[in-house]
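Both of the next two complexes hold chain A, though its partner changes from chain B to chain C.
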Partner chain A sequence: MTTDIKAPQARRRTDTRIWLRDNGVYVAIAVLVVYNLAFTENFATLANLNTQLVQVAPVLIVALGMALVIGTEGVDLSVGSVMAIAAATLPLYLGYGLFPALALALVAGALCGMANGTLVAVVGIQPIVATLALLVGGRGLALVFADGQLKDIRNPEMLELGAGKALGIPYIVLIAALLSVLVWLLVRYTTFGRQLVAIGGNRSASALAGLPVRRVLMLTYVISGVLAAIAGVLATARLTASDPSAIGNLFELSAITAVVVGGTPLSGGRVRILGTVAGAVLMQLIAATLIKHDLPDSTAQIVQAAIIVVAVYLQRSRSAGVA
Partner chain B sequence: MAAALSSVLSARGVGKRFPGVVALSEVDFELAPGEVHALVGENGAGKSTLIKVLTGVYSPDGGDLTYQGEPVSFGTPMEAQQSGIATVYQEVNLVPLQSVASNLFLGREPRNSFGLVDFRAMRDQARDLLTSYGVEVDVTRPLRTLGMGVQQMVAVARAAATSARVVILDEPTSSLEPREVDTLFGIVERLKADGVAVLYVSHRLDELYRICDRVTVLRDGRVVHSGPMADLPRLRLVALMLGRDLEEVRREGATKFDGERTAADTGPVLAATGLTSKHRLDGVDVTVRPGEIVGLGGLLGAGRSETAMAIAGALPLDSGTVVVAGKRLRTGSVAAAMRAGVVMLPEDRKADGILPDLSVRENIVLAALPRLSAAGVVSRKRQDAIVDTFMKRLRIKASSPDQRVGDLSGGNQQKVLLARLLCTRPLVLLLDEPTRGIDVGAKAEVQGLVDELAAEGLGVVLISSEFDEVIEGSDSIVVLREGRVVTELHGADVNENTLLSALAEEPADDH
Partner chain C sequence: MTATERPTEEHAADSVAANRTTRRERFASQVQRRGSIVVLALVVVIASFSFDSFATVGNAQNIAIQSSFLAIVALGMTFVIISGGIDLSVGSVYALGGVLAAYGIQWGSLVGLLLPLVVCGAIGLLNGWLVAYGRLAPFIVTLATLLGARGLLLAITDEGSTTRLMPRDDWLTKLGQGTFLGLGIPVWITVVLFAIGMVVLQRTRFGHATFAIGGSREAATLMGLPVARNTMLLYLGSGLCAGLAGALAAAYSASGVTIVGEGLELDAIAAVVIGGTLLTGGAGTVAGTLAGVLLLRVIQNVINQIGTLSSHYQSVVSGAFLAVVVAVQAYLSRASR
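On to the complex of A and B.
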């Protein structure tokens, strides 16, 4: 009936909450930037800016895929392991040149995504369980590929990808920015993006409206896998070594954090790409700020945890706040 | 006892306004102990707002509330509940995974001498309580394994058992079978005998006349009538709710269906034959010509929804064929059915229909996205054009195409779903309870629209639990029982008597 009508006080409270949920992450970034400009030495330098952005880029790229998966009411826990698989694949084929090696690393990511997608969309296993399998098994697989060894990267093009710049901006940052724009366009303007959001919002209604539910879910996990592979490649290039036992460790959690802090609800039906970018940047900024002020890593973790709790609190379903 | 009081709960001059809307204006309302009081009105008439004011969800802008002789103002729904005002909403608010007994005693479990929950006592008391209401059910089973009807019953029994003085029932029968409705009314009678005041909200006029003593009619936030139920003739009640001329209602009949229509004498647009799905359908045939409305008759569980779902590709079939406009369809695929021009309006609007958090625009274009896209990119212009067309055509009342669908009234949500189907340019519309749970005005509009669409040459299959609707709406009726077609009614045979006798041929199974 007249559920669009809410009591004024309740409405005001909800409106504030919704505004904070949607924009809190930007406010937090602004506050931190202002603080750092005032109190942190060497903050406003190009070198520092580049360092921070290079550090955040792999997490951000993984988070873009995670945002899509979470939009379907799923989650992809395997992204860190997929990064490791891509990293392990790379040195095996670098002998044939950069592009074949890159292509195969991305194909490996796509195959991982396909495996996840099959379990979720065709077999019907819950995403958290389906992708847990690859989280555990994927890293093992990566270590098998790499013979359990760290391998130095000596391919000059690959090293250039990790350290090079265009117009003063690192390639890694440019790639992350480009991917962010592409994924944003994908969500906003394509049939696939709109169908993804609809399926996350109400699976059964979407199926009855004739949407290709399985195909959309499958493609979503494949995109997540490919993005994770790209992140794995870039992390390897920056590290100048393929280290399958360390690359991508706990990245699934950082990515989920970026997505949630950016205002994408875990309940699906909504994907915020700009928010996800901001979420990743915010987490990086918090860590950087505390480190620059000589506070230990553990403090950063506690602060980040607090931010996550606030973000989740702000996302309580609309109806929970007002009866 | 309470009978000494003339009213247990009353409102005087209550007003409530929201930005841009006066939801309630100078409303006087009285609820006496031991009466069943009907609250009726179209959507937006202020029923929900009044209930929310009475139960502490909203605080009124003006006027006074009196409860058991004392002026009150409930700050929260919890306060109202604790002082004895229990509300049972349309959607059951219980814990689906817990047992029936746990749900009945949630928050007031019987304790043993160690202060722990005494499960045996709880089970026994739960069984006694439900038996006394004529509900026979294993109280140890998780609530969700029971039918919606029983769940509703448990919710009402729970409200009744909490020594409430006022029980508010909001559309309690919308998911009940006729037999369950009888049981519910038994409970209501008992509450009444115990001196409890019952506020009864329903769109089903039959029920109101059966169970209610008094009636208050709201329209546009004002009380337009209040008095004994029996003194208010049906037509007058409908006229009051609609704010329409009595003569006009009489002339046009109770539903908006036009009655006569001339179906084209061409071949069928839909021919479904031998639809069979284990335990649900057994060789059902349905044929629809362009411009024809075919009703599916039958009692609950007869297989009406299953038939529609099977035709629409939403129910996998063991055997059977569906031919649309001469072409045989791959069964078991909604997308294939939709491409061939068969679309279904699902029975459960909330669970299977709307995407509540998305906008009106996105809800309407959902099924037509591929058609509105070029190279996978959705064209905003084409999308806006189609949304605009259908919002106007179906008179969808929304502040803009960007409004959340979850915020619209039930009637408007239903129109959004119809728009979604229509923009796929269907040949056959399968409508499963198209007017359930929507107000009288929207109902008439939807009925009129279905008529119009049929007149334009669409084939329509209509399922409705309302007798009037099936009879006045349909050109012919396929009567189902236990997943089989028992008979088909055509032309002059489509009337209440023949349908009733078709349904009553054999005593309906008591399962």
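On to the complex of A and C.
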């Protein structure tokens, strides 16, 4: 509102910043793609495209759930451990066939989400600590389930899930794309999606308006848990082994990065699913570009760190524009 | 308008049940402040009776030295959390501190000690500057420096493939490995740092300002407190603590190991929260953090003593414990309201 009173020049500057905040991630992707097309060998090949997309898929799936949670002004630090739990429970029932095993892994993810949701929505603990508890405990639990061991996956259907393709597109990528569309529809067109955004914007006002705050929060964390479990299953299928000590390690950071770079503010009340997809793709593209040019891992991490700071700095303009 | 009316109503209700509420409030705040110390004492007593090898001098020395590195990191974290912030970068900074100590010691022990302090202090200052003057969320700023510090570490260790050893006869190495009155020197350094931390938090203007900023940043600004400068100092302190702990840990193991410190920030936060410091800021104690650290390490030790339990249960118990503690905290703070 105050932007109307400001001097035109200041207003224009704020407008540019808001535009950058909303579209910077797409601009960055476009720039990187053009750069790679011009200077990187073997970039514009189908094989490379598939490799990059398969690599980004698990992070993207986790980031979708994270975007919803961050939209409620929360955060879910437990996603990496939930991935490990799903990976560890998967082989337990694989002897009975693919679907019982998948069901068990997804139920495990839903239960983890329910535990987080209970702590956040019912007990009223801050999301950071509530999900931190499961981050710490979850990986231990996964290792207990798996007896601390890496288990090879030999089930042919699981292997097909990890390596198979339909119409030249890997299943993993198709699943990630499908989930992205579903979550986008959920946010955009359902009552639940609107309630979620409203709660993130102002929780007490939403409660006063009669929204089912607890139920929506609970469901949000359950969705995040299930999506993390799906990511864990897909990562296991691609690795052809269930490795609960490594799967999902530091995924919470990658997912939060994708969400934030994609323009969803940490302060809640706004969810950008398309931006999150773009954020995940951008981070993958940056890593791929650096690797293709033989730059070491260390540089990649420092560049990522700088990008996070820039992204958050641009987002700050939301509060600067209003206040 | 309604906001000004509601407190008066609440006051009326309060005065009716004044006695009961205050007793309850006092009980709640006591549990909040001293709960971790009581639980620690209970666990130690039970463990002493249950396991012959628990209440031995050797085991106590072990627990003390294992706790000391985490305790130093958690000390800096306590201040940051009391001010309403959070520092996720400490795990990476800790690892970086260790590697820098092992790297710098080739020019002598003094360089080996100062190099990690200068670099890690600079990272802390960067955190503080971005939080205080950039007005960015601490969570995300320190997440970025977590990645950045780890990248820096990889850059100076040939992508993590080089582990530098520290010569055993340099005094920095002796600082990590030596003992005094039966306890390792890092333990004594920890004790001194906690004593200083306690005094700073309770008795100095800086400490009081830390509480005020955590209670309400706006109010602290309006009161004329140097909020931005204090915030910078808090993150500087956290960076220095993490760097020092890393350097001491490297000296203790006489090598700059590159893979340490992953997830250490979570242990530190868990210890601080278990110690009764509120993550929302504005309340907390240094002594509670020490009890929280010891509690985590004693639980770890007890699980090792049981022997038949796989070591993976350590993190399960720590996580469950954290959940219970914060649930009780949430309940108590609601009861006192």
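In this section, the second predicted complex is superposed on the first by the 312 of 323 C-alpha atoms of A that agree within 3 Å, B and C clash if a C-alpha of one lies under 4 Å from a C-alpha of the other, contacts with A are read in each partner's own complex, and residues count from 1 in each chain.
Methods note: a residue touches a chain if its C-beta (ideal position, glycine included) is under 8 Å from a C-beta of that chain, and two chains touch if they have at least 3 such contacts.
Quantities reported herein were computed from a predicted structural model and do not represent experimental measurements.
Participant: Using the superposition on chain A described above, determine whether A:Ala205 touches chain B (first), chain C (second), both, or neither.
Facilitator: A:Ala205: touches chain B, not chain C.
Participant: Let me test your reading of the model: by the given contact rule, A:Ile302 touches which partner, first (chain B), second (chain C), both or neither?
Facilitator: Second partner only, chain C.
Participant: Just to be sure I read the superposition right, which of the two partners does A:Gly95 touch: chain B = first, chain C = second, or both, or neither?
Facilitator: Neither partner.
Participant: Is A:Val260 touching anything from chain B or chain C once the two structures are fitted on A? First, second, both or neither.
Facilitator: Second partner only, chain C.
Participant: More residues of chain A are touched by which partner: chain B or chain C?
Facilitator: C
Participant: Of the two partner chains, chain B (first) and chain C (second), which one does A:Val144 touch, if any: first, second, both, or neither?
Facilitator: second
Participant: Once the structures are superposed on A, label A:Tyr313 by its partner contacts, choosing first (chain B), second (chain C), both or neither.
Facilitator: The second partner, chain C, only.
Participant: Between chain B (first) and chain C (second), which does A:Leu119 come into contact with in this model arrangement: first, second, both, or neither?
Facilitator: A:Leu119: touches chain C, not chain B.
Participant: What is the shared patch of chain A, the residues that chain B and chain C both contact?
Facilitator: none
Participant: Give every residue of chain B touching chain A within the complex, in rising order.
Facilitator: Touch list, chain B to chain A: 18-19, 21, 23, 43-44, 46-49, 52, 57-59, 77, 312, 314, 334-335, 337-339, 344, 346, 351-358, 362, 366-367, 369-370, 373, 376-378, 403, 406-410, 420, 424.
Participant: Inside the complex, what are the residues of chain A that reach chain C?
Facilitator: So the residues of chain A touching chain C come out as 75, 119, 123-126, 128-130, 132-141, 143-144, 147-148, 250, 253, 256-257, 260, 266-267, 296-302, 304-306, 308-309, 312-313, 316.
Participant: Could you pull out which chain A residues touch chain B in their complex?
Facilitator: Counting only chain A, the residues touching chain B are 1-8, 189-192, 194-195, 197-198, 201-202, 204-212, 269-270, 318, 323.
Participant: Across the complex, what residues on chain C touch chain A?
Facilitator: 86, 130, 134-137, 139-141, 143-148, 150-155, 159-160, 262-263, 266-267, 269-270, 273, 279-280, 310, 312-320, 322-323, 326-327, 329-331, 334
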